[in-house]
Every structure is written in structure tokens, then in C-alpha cells.
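Contents: one structure, followed by commentary.
Letters A, B and C name the chains as they come in the text, with residue numbers starting at 1 for each one.
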Amino acid sequence: MEPLLEVRDLGRRFGGLQAVAELSFAVNPGVIKAVIGPNGAGKTTLFNLVSGYALPDTGSVRFRGEEVRGLLAHELAGRGMARTFQQIQLVPGMSVLENVLTGRHRHTRTGFLAGMLRLPGSLRESRAARERCLETLAFLGLADLADAEAVSLAYGQQRLVELARALVCEPSLLLLDEPAAGLNMRETEDLAGTIGRINATGLTVLLVEHDMGLVMNISHEILVLGAGRRVAEGEPRAIQRNPDVIRIYLGDEDAESP
Amino acid sequence: MAVAGRGFGFTAGLAVAVVAIQIAASASHKVFYLTQLTMSAYAILVVLGLALLMGYAGQASMGQAGFFAIGGYVAAFLTTFNLAPRRDLLFVAFLERAHLLMTRPDGSGGSVTHVHPWAAALFALGFAAAVAWIVAGPVFRLRGHYLAMATLGFGIIVHRLFLGSPYFGGADGISDVPELVLLPGLAITGRAAARVSNYYAAWGLVLLTLWMLSNLIESRVGRALRAIHGSENAAAAVGIPIARFKTQVFVLAAALAALAGVLLTHFNSGIGPSEASVMKSVRYVAIVAVGGMANLRGALVMGTVLTFLSLRGSFGSFDDLVFGGILLAMMLFSPEGIVGGDLWRRLRSTFSLKNRGDDGTAA
Amino acid sequence: MTFDIFLQFCVAGVTYGIIYGVVAIGFTIIYNTTGIINFAQGEFLMIGGMTAVTLQRHLPLPAAILGAVLVAMLAGAAIEMLFIRWLHRPSVLRMIIITIGVSIVVREIALHVWDEKSHALPHFTGDSVSSVALGGARISPQVLWVIGVCGAMVVLLGVFFRATPLGRQMRACASNRDAARLCGINTKNMVTLSFVLSAGMGALAGCVVSPITYVQYDCGTALAIKGFTAAILGGLGSMGGAAAGGLLLGLLESFSVWMLPAAYKDAVAIAVMLGVLFLRPSGIFGSAEAARLREY
């Protein structure tokens, strides 16, 4: 089975800092893969490189069998990659439903002229899009908040709205950037269940996360980064026991401060 | 946000107001009010396009007067430049055979052969749109102050060009512009007998534009623009081609401004370089700001009031001061505008004990 | 062209260029401390010149100039305290529109306080027809005053920033406002000071150049645009760049008359501005940091 996402020798430098170096890994279809590592390990950079928000210096990124390195974020979105952000990026002034509707952009075609004249085709398309979005909101338990102003929702709910927006893009790969950040324990448990349900529909998930409980709970595979390089990769239990992993998180025994 | 029902109410109310004002003005023999309201309507066309660009797409433009002037001047030039002595040129002969030329008596007893007003108008629109399309590319690679200054610079260059060039009449501008016939019996012209019909034509166009732009905002494109404004990262993440949309909405706003320029030029039978001035651009921005940035109706109402008063001379020599002051006051106290509702919301929350401590209001 | 004419162009270019440089430095001081591009910068020159003209009808010239500079400094402080200080994280667009609004209001108030005519101070030495020989050209002594006074201002400013505690505090504030605040520097006052300084410099420049160029109520706008152009030409954020950018712009404008009709002279600055923005936003001497913009 060909990997959905294949990264080879990825490298990126920012000024004097080598954020990511010689990084290679693959994400197979249908898995939930988590990327973990201490702060500064390069997780967010990796995400940005893969999803088109930053350009790699070296290496290749293959998505669905095609080389996509250098493509812009919106082009990758068009090819089936959807992502959420560490800092929630919802549009103020629009309702929950309208925010999620922006996710249907690539699946709808109404242009300037059709939009201005309210042509029948555009109205039909709009109705279908709305239904699709309401279905997804219901799937995430947000159906009755559809008309609320998105940025007025509680933090955990806003995260779900962003997730809904990513889901209606009908992606093949879902990138979640620290989805549990700012959530309390209950919300994190709910999130774990939600991600599991999403994955059960066949969607491949790659997530960056600090919350070890969530990561160990739902991931099929874990990739551990340290100083921009791969430290370990494998199943959760193996990672937990891996001495290299323990070392980069806890530091060398000798180096501990008195 | 705005539901179709609420929108229809406003448009219907506006249509009623337009008719009522006309009847009142005609009945009280103050038909010259209609002339000033007609000119205000054309200013509103520019403002509506700018509100879409600035309020919804979030892109500042301090140079809309430039596009207005391009529309007006190109139309004026083409309909007054005498091609008769140049009939031997291949291009002129071609135009003649394509029935794109027109001959009429000029103001001083002779006759002038010029491009037909319709052809001139369409060319002016197309030309302004093309300029906008070309300018948009480099301009939108800039951000913030640089973007605003670039649009300001564009407006100034257009102003200087029209002011300095003898082809465009220099400081006097172009006059003796003929009428633009829309339908048999309805022409855009400054003739006193046509005041009422021109009033309805102008405001009909405003209503149509308001309807079309409101539809656009509620549609897929409108959501994409607002997404771009709200968060470019998020917009990119859902596949919205940001640069392309910015360009398209910029061109749309420019085309509206140019259309207003063309029509006002025919209405006034001429145009002068002051239409391209920086103060004009600032006025358009001030009106959008006071109307509430992302608020077409607010911009329409406030724009009409302010422009009408300004045209009547109600502000006297304080005209620019009024617009500058309004701009300042709006930006300082209520960036969402008066009609936008944020001011009311904030006033209410100031007096309510429930919402102490929320500070999402400034900026 | 002959050497004489070449020299005349140079002199004109340098004279105007120094003024643009002073405006650009004013932009830079405020930009460095606040991240704001103060579109009302040109109005300080106008206020200085116009106030001095009014004052010198009752006071000796040096006192009039001093008074004008003080008035402008007060105006700068007032503008900062009324319109800038209490804003909380304004968006860039809002700041742009606010400073544009301020410049319009100041200009229109000036129109009603004075009038629409152009005014000038008397020449500091000699009169409008006296001249001094320089190389093959004859130049007005006022030109030497412009170069001397503005040059001295720039030098003193450099000394101020490098050698005085207050100047160093301002530089700290410009470098990293939060860190400066943590060190106990009153950043709010630094912001006010930057406005006061820019206003004072602008006013003095306005006074010294008015016998040559005359000032009128609306001369601030064009100066602001040209000063902005000069600032970005040299790389926004760099004092030396601002001064150099000003001189370069002045010379470009001056020599443009050789090739373009004089009516388009003002458009030269705009063309340069657009050229810099589109082709090299970091300016001639600037860094990539100048191409991005500071946050307020």
C-alpha cells in the first residue's frame, strides 16, 4: 500500500537555526499518526512545510503519489490536505455555519457573476453546501450552534468549529496542529473520541500534540522529533519505553540541575 | 448575518424613499435638489465598491478617485476629441465603418466627429478594469502601510497625469461632453428637462448595485472575501486562492468607480482634475468608515447625507475639515462605524453591569 | 548641460533633499518607537513655517523661530496624547486612517487660522536677490542656512541618540519596547518624546526653508509623501538611510526637470515611491526587516 504522505530528507533553516534536518517519514492511509517532541523540536515547522505554509530548503514531500513540495497552501488544500491551527483562526463577524461553509469552497463553483445575480444554479449549490455543513456540525455535536457568531463560542467549541471546517473540505489527510491546546480534561477526552470517530470513517490524521494522554490513547503511530531530527518512530508502547525518547524529554541524568 | 428578508426591507424602503423624495422635490419646485442627489448617487457607486473592498475583503485603497477619474476622463476624451481631421488614418476609417463614430455640432458653431458615447463608455470601463488588474498584482504583494501608500501613490499619479496633460485639458479638464443615451427617451445628460429621469436612472443603478453586492456578500465569494479578511491562513487552508480573489474584488471596485465616473461625466457634461484628487479618495474612505466599513447600507445612507450636504455647500469652507474630522472621529471611537451597531452595542454594554471586563471592542 | 547648470541642479536637489531628509528622519523616529507611519509629519513643517511668519511680525526673527518650534513641539505632543496614546492595539489600517485624518484636520485648521496664501520668513542673511558664489554657480545664502541648520540638526540628533541617557532610552524603546519597559523606561513618554522631537525638527526645517520655497496651508501633504518616499528609499527604520534617501530623492527630482516637463516634477517622487515599494521595499540600504513592517 502506497503511503498517503511521504516525506524524505526534509530540511529547513531559519537564519542560524536548523529547524528541521534530514527528516524522513511516511503516513499510511487510514492511520492516526502523532508527532511529538519537546518545545523547539520542529513540530510546527514540519507541519508548515508539509502543508504549504513554508518552503523546504531540501527534501521532498509526496502526497497521494505526487511530488508537492513548493505548492502553496491553497493548492495543497485543493489536492486533499486540510489543517487546523494552533491558534484558532475563525472569521469574526460570520456565524458558525458561515465559517464552516468556507470549507466547502473547493467543492463549490459559484463565481462573482453568479453570486451577484443569485442565479438558480448558485442557489442550489449553496443549499447543498449548507446541508453538508449542517451534517458535519451535527456529527460534532454543534448543530444547534450553527447560527451563533463563531468567535463568541467557548474555546473548546471554537476548536470543534475549526475541525468541522477542515472536515467539510473532504480531505484525504487531516492535519491537526495541537488540537488539545487550551482544552480541559473532559474536553480532551471528548476530542479523543471525536478524532477516533473521524478516523473510523477512513480519514487519515496527522497531528502535532503535547498532551501525552491524548497521543497515547488514540495514535496508531508516533513520530518523535528532537532538535529537528527524527528520534524515534513506532507504536505508542514502544515509544513510551524508548530510552532516546525519554532522554530528550527529561534530559540527561548528569545534566540535571542540583 | 443579514437574512434575505431584512435586506429586502431595506431595499424596498430605499426605493420608496427615492420616489417620495422626487415627488416632494418636484412638488415644491426644488428640483435642483434632485440634481445634487443624482451626483450623490454616483458617489455612492464608488463607495459601495470601496466598502466591498475595504470592509469585506479588508484591503485598503486610498486611490479609488483615480479609477473614477480614469473612467470619466477616457469617456470624456473619446467623446470630445475630434477625429474629423484624421479621417485618413486607417484606425479612424475602421472605427467609422464599424459605426462607432458620431458627428454632432460642437459648442462653437463647427462640428466634431468623435467616438460614439456607448463605445467610449465601454472602452473606458474596460480600460479602467485593465489598469486595476495590472496594478493589483504588485500592489497586493504589499501589506499594511505599504499597501495603502501604494494605492495613494497610484491615485496621485493619475491625478498628476490628468492635471498636467494638455490632451486632458490640464487644470480646466474636459467640457462639452455629449449625452449618453440609455434608451429612447432616457439619456444621461445635464439638461434641466431630464433631471427627473436622470435622478431615477442614477438611483436605480445604485439600488441594482446594492442588490448585486449584497448578494455577492452572502454568496460563496463573499464568504471567501471575509475569510481572507479575517484570516489569510485559514482562507488558504480551505483552498481559497487569496491573490486571485483580492485582484478580482479590486477590479470590481475599480470598475464600479469608473462606471460612476463615466456616468457623472455625461451628467455634468464634463470632468475636471479635482475628481482625481487625494481628498476625493479620502472622502470615499471616510464615508465607508462612517458607514461601518463592512456595511453597505450604512455607507449608502451616510454617504448620501454627507455628499448631498457637501454639494449643497452646507459645510462651507469647512468641507474638507468635516470629512477629515469624521474620518478621525470614526477611526478613534468607533471603527465599526455609526450605523454598524457596534457603537450602540458598546454604549449598552457600558451601562450594563453584566459585561464588565470584556475588551474585544477596541480595534 | 554646462557645469554651471549642473551645479544649479545639484544645489536645488541638495536643498530640497535635505528638507525631505529631515521629514524622513521625523518619520523614522516615530516609526522606530511606535511602528506608526505618521502621515501628518509634513504638517509639522507647515506649522513651524506659518507660525514663525506670524510671530516674526511681533518678535525678532530668532525668537519667532524658537516660538514656532515650541508651538510645533506642543502640537506634536498634543497629537500623540489625543490621538495615539490611548489606542489599544489598533490595526494598521486604523492607524493609517487616523494619521491621515489628523493631517487633514490640522491642514484645514491651518487654513482657517491663517489663509490659503503662501508665506515666507525673510531671508536670514541678505535678501532674496543676494547671492554667494560657489564653484561656477551663484546660490542664495539661504541655501547655506538650510544646509547648515539641517545638517547641524542631524548631527545633534545623532549625538543625542548615542551619547545622552534619554537618547539611549529612546533607542532601547525602538529596539524592543517590552524589554525597555521591563528595564524601567517609561515607554509611553518615549512615544510622546518621539513625536515632540519629530515635530520640532520639522518645524525648524520649515522655518529655514520657507524663504526659498514659501509655505502654505497645504504644503504638508506633498512633503509627507516625499518624506515617506525618502524614508523607504533609504530603508525604513534607518536614520542614515532616511537622510541619504532624502538627498537622493531631492537630486532625482531636481534633475528630472532636464528630461520631463516641469509639470510632472511632483510625480517623480511618487514614481520613486512606487518603484521602491514594488521593486525593493527594503530600500537601498535597508535590510529585509525594513521590508516587513513593525507591529505597533
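Definition applied: a residue touches a chain if its C-beta (ideal position, glycine included) is under 8 Å from a C-beta of that chain, and two chains touch if they have at least 3 such contacts.
Everything numeric in this text was worked out from a predicted model, so none of it was measured.
S.K.: Imagine subunit B is simply missing while all the others stay put: what groups of chains do you get?
M.R.: Result with subunit B masked: A | C.
S.K.: Average the C-alpha coordinates of each chain, average all protein C-alpha coordinates together, and give the chain whose average is closest to the overall one.
M.R.: Chain nearest the centroid of all protein C-alpha atoms: B.
S.K.: Which chain maximises the distance between its CA centroid and that of subunit B?
M.R.: It is A.
S.K.: Rounded to the nearest whole Å, what is the centre-to-centre distance of subunit B and subunit C, using the mean of the C-alpha atoms as each centre?
M.R.: 34
S.K.: How big is the gap, in whole Å, between where the Cα atoms of subunit A centre and where those of subunit B centre?
M.R.: Whole-Å distance between the two chain centres: 42.
S.K.: Can you check how far apart subunit A and subunit C are, centre to centre, with Cα atoms defining each centre and the answer in Å?
M.R.: Roughly 49 Å separates the two chain centres.
S.K.: Sort out for me which residues of subunit A touch subunit B in the complex.
M.R.: It is residues 51-53, 72-75, 77-78, 82-85, 89-95, 98, 101-106, 108, 110-112, 114-118, 122, 125-126, 129, 162, 165-166, 169 of subunit A that touch subunit B.
S.K.: Once bound in the complex, which stretches of subunit B touch subunit C?
M.R.: So the residues of subunit B in touch with subunit C come to 54, 58, 60, 62, 138, 141-146, 148-150, 152-154, 156-157, 160-161, 163-164, 278-279, 282, 285-286, 289, 317-318, 320-321, 323-325, 327-328, 331-332, 335, 359, 362-363.
S.K.: Where on subunit C does subunit B make contact in their complex?
M.R.: 37, 83, 87-94, 96-98, 100-105, 107-109, 111-112, 221, 225, 228, 232, 261, 263-264, 266-267, 270-271, 273-274, 277-278, 281, 293
S.K.: Along subunit B, where are the residues that touch subunit A in the complex?
M.R.: Within the complex, subunit B contacts subunit A at residues 1, 212-213, 215-216, 219-224, 226-227, 229-231, 233-242, 248, 252, 294.
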